[in-house]
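Just below sit the structures, each encoded as structure tokens.
In the two assemblies presented below, subunit A is common to both, partnered first by subunit B and then by subunit C.
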Partner chain A sequence: MKAAKIIFVIIFAYFLIACALLLRPFGSPTETTMDEYFIKNAQIETASNNVVASIVFDYRGLDTLGEATVLFAAVSGVILLFRGGVPK
Partner chain B sequence: MRDMSKIVKITALVVLAPLITFGLYIIAHGHLTPGGGFQGGVIIASCFALLFIAFGKQSKHMLNKELLSVAESLALFGFVFLALLGLRKSFLNNFLANSGAMFGASVPFGTKEAYINTAGTIPLMNILIGLEVSCALTIIMLLMLNEKVSKHAGK
Partner chain C sequence: MLENKKALLFALLILQNANFLVAICLVLFGLYALLFKKNLIKMAIGIAIIASGINLFLISAGYRKGGVAPIFTEATIKASEAETRMVLPTPQALTLTNIVISLAVTALMLSLAIRIYQQTGTLDATKLGRLDEL
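Take a look at the complex of A and B:
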């Protein structure tokens, strides 16, 4: 059993080191089409000086809607849990 | 939960107004500076956390739970409504940007002066999300401080 654990750790470490060696150098991603589109057009298309805000609320607004809905569901759960005793 | 001394209470009340103003500033300038609805909403909710810590059980009657709940629901409804208003082109379409109407001034490319009257629906959505987040976190704190867990929870 102990030998199996050691072998598992060695295999896991091998894959981790292989992934670390295969990483691309910082600042040179494989695909840059999306970033360049946002940097060039986001300021003019959404008329917003903050490109992060234009992505969060315009290009990926559905994601923000999901986050707000998650918060709403959390509050609903807390209200349900702390609703007190049942009136007689 | 016990309340704190008179010094802490007065200091909390003095600090409360500038902190809420700072949260509102972060929300209102979400399309110009780092920050936005979520961050500003959390700042406002932390102001109420300060109030709850300083006042203890007395803070139970300071805020209306039902009113906060209604405000939160209305803010989320307003967000979806604003998203649906852009349906002529697509869901969540920024129909106010570059239109010349409210928040409709256009922005040139590059680093220039920032005007608050820009970015279309983004500032409106920031305000609604800020209202929703601040009300949601305040309700959670209010309930966890003052209410008991239901006897029928988990059945």
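Take a look at the complex of A and C:
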């Protein structure tokens, strides 16, 4: 079992490192059409000087709603686990 | 001489992609903690380390050489070259989401570890396999 785990980690590490070296040079992203649109139009369309904020709350608002749902579910789980105080 | 040049090019490749390699190291450390540690709290720490590695990878994937933050009031460049000089904002927004979600997941995991310790008196994952023996 332990040998299988070690072999799995080694194979996984090999593929990760190969991907990192073959992906693209660091500092020059290849596919930037969407981000250039965001930078160009964020001030006009969302009236925000901070492009990241305009993406989080406007362009990807539904994504942020899902994030809030996950947060709510996790906090509900924590409250359920500790309902009625922590018994000794 | 040729061997020297090859080694130099390889070292340059490693140095250029240092951010990606550090992210991979973080993911592998977290995976090591998940697979080879038996303490539940150490496994939770492993998942948190994997989340930091993913965050670093996302930020690095959106970086532009010599870029500035995508905030127009703080930018030190001309407005006309904003599209090509600002770093990509979408990976940063996704990283923001990932930070919040990893925080929530870590809180839930640690709460479960506390409850498991109260119920069973142990945090050893190998002893928790048989639920009917508790």
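Everything that follows uses one rule, which is that the second predicted complex is superposed on the first by the 64 of 88 C-alpha atoms of A that agree within 3 Å, B and C clash if a C-alpha of one lies under 4 Å from a C-alpha of the other, contacts with A are read in each partner's own complex, and residues count from 1 in each chain.
As a convention for this text, a residue touches a chain if its C-beta (ideal position, glycine included) is under 8 Å from a C-beta of that chain, and two chains touch if they have at least 3 such contacts.
Note that the coordinates shown come from a computational prediction; the quantities given were computed from them, not determined experimentally.
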Checklist entry - On subunit A, which partner's contacts cover more residues, subunit B's or subunit C's? => result C
Next on the checklist: So in the superposed three-chain picture, is A:Val56 touching just subunit B, just subunit C, both, or none of them (first/second/both/neither)?
Outcome noted: both
Checklist entry - Taking the superposition as given, does A:Thr69 touch the first partner, subunit B, the second, subunit C, both, or neither? => result first
Next on the checklist: By the touch definition at the top of the document, which applies to A:Arg83: first (subunit B), second (subunit C), both, or neither?
Outcome noted: first
Next on the checklist: Touch test for A:Ile44: subunit B only (first), subunit C only (second), both, or neither?
Outcome noted: first
Checklist entry - Which subunit A residues lie in the overlap of the subunit B contact set and the subunit C contact set? => result 40, 43, 49-50, 52, 56, 64, 67, 71, 74-75, 78, 81-82, 86
Next on the checklist: Applying the document's contact rule, which stretches of subunit B touch subunit A when the two form their complex?
Outcome noted: 30-34, 36, 38, 69, 72-73, 76, 79-80, 83, 91-92, 94, 97-98, 104-110, 112, 114, 118-122, 125-126, 129, 132-133, 136, 139-140, 143-144, 147-153
Item to check | Sites on subunit C touched by subunit A in the complex | outcome: 13-14, 16-21, 23-24, 27-28, 31-32, 35-36, 60-65, 70-73, 82-84, 86, 88-90, 92-93, 96-97, 100-101, 104-105, 107-108, 111-112, 114-115, 118
Checklist entry - Inside the complex, what are the residues of subunit A that reach subunit B? => result 40, 43-50, 52-54, 56-58, 61-62, 64-65, 67-69, 71-72, 74-75, 78-86
Item to check | Sites on subunit A touched by subunit C in the complex | outcome: 2, 5, 8-9, 12-13, 16-17, 20-21, 23, 25-29, 32, 34-36, 38-40, 42-43, 49-52, 55-56, 60, 63-64, 67, 70-71, 73-75, 77-78, 81-82, 86-87
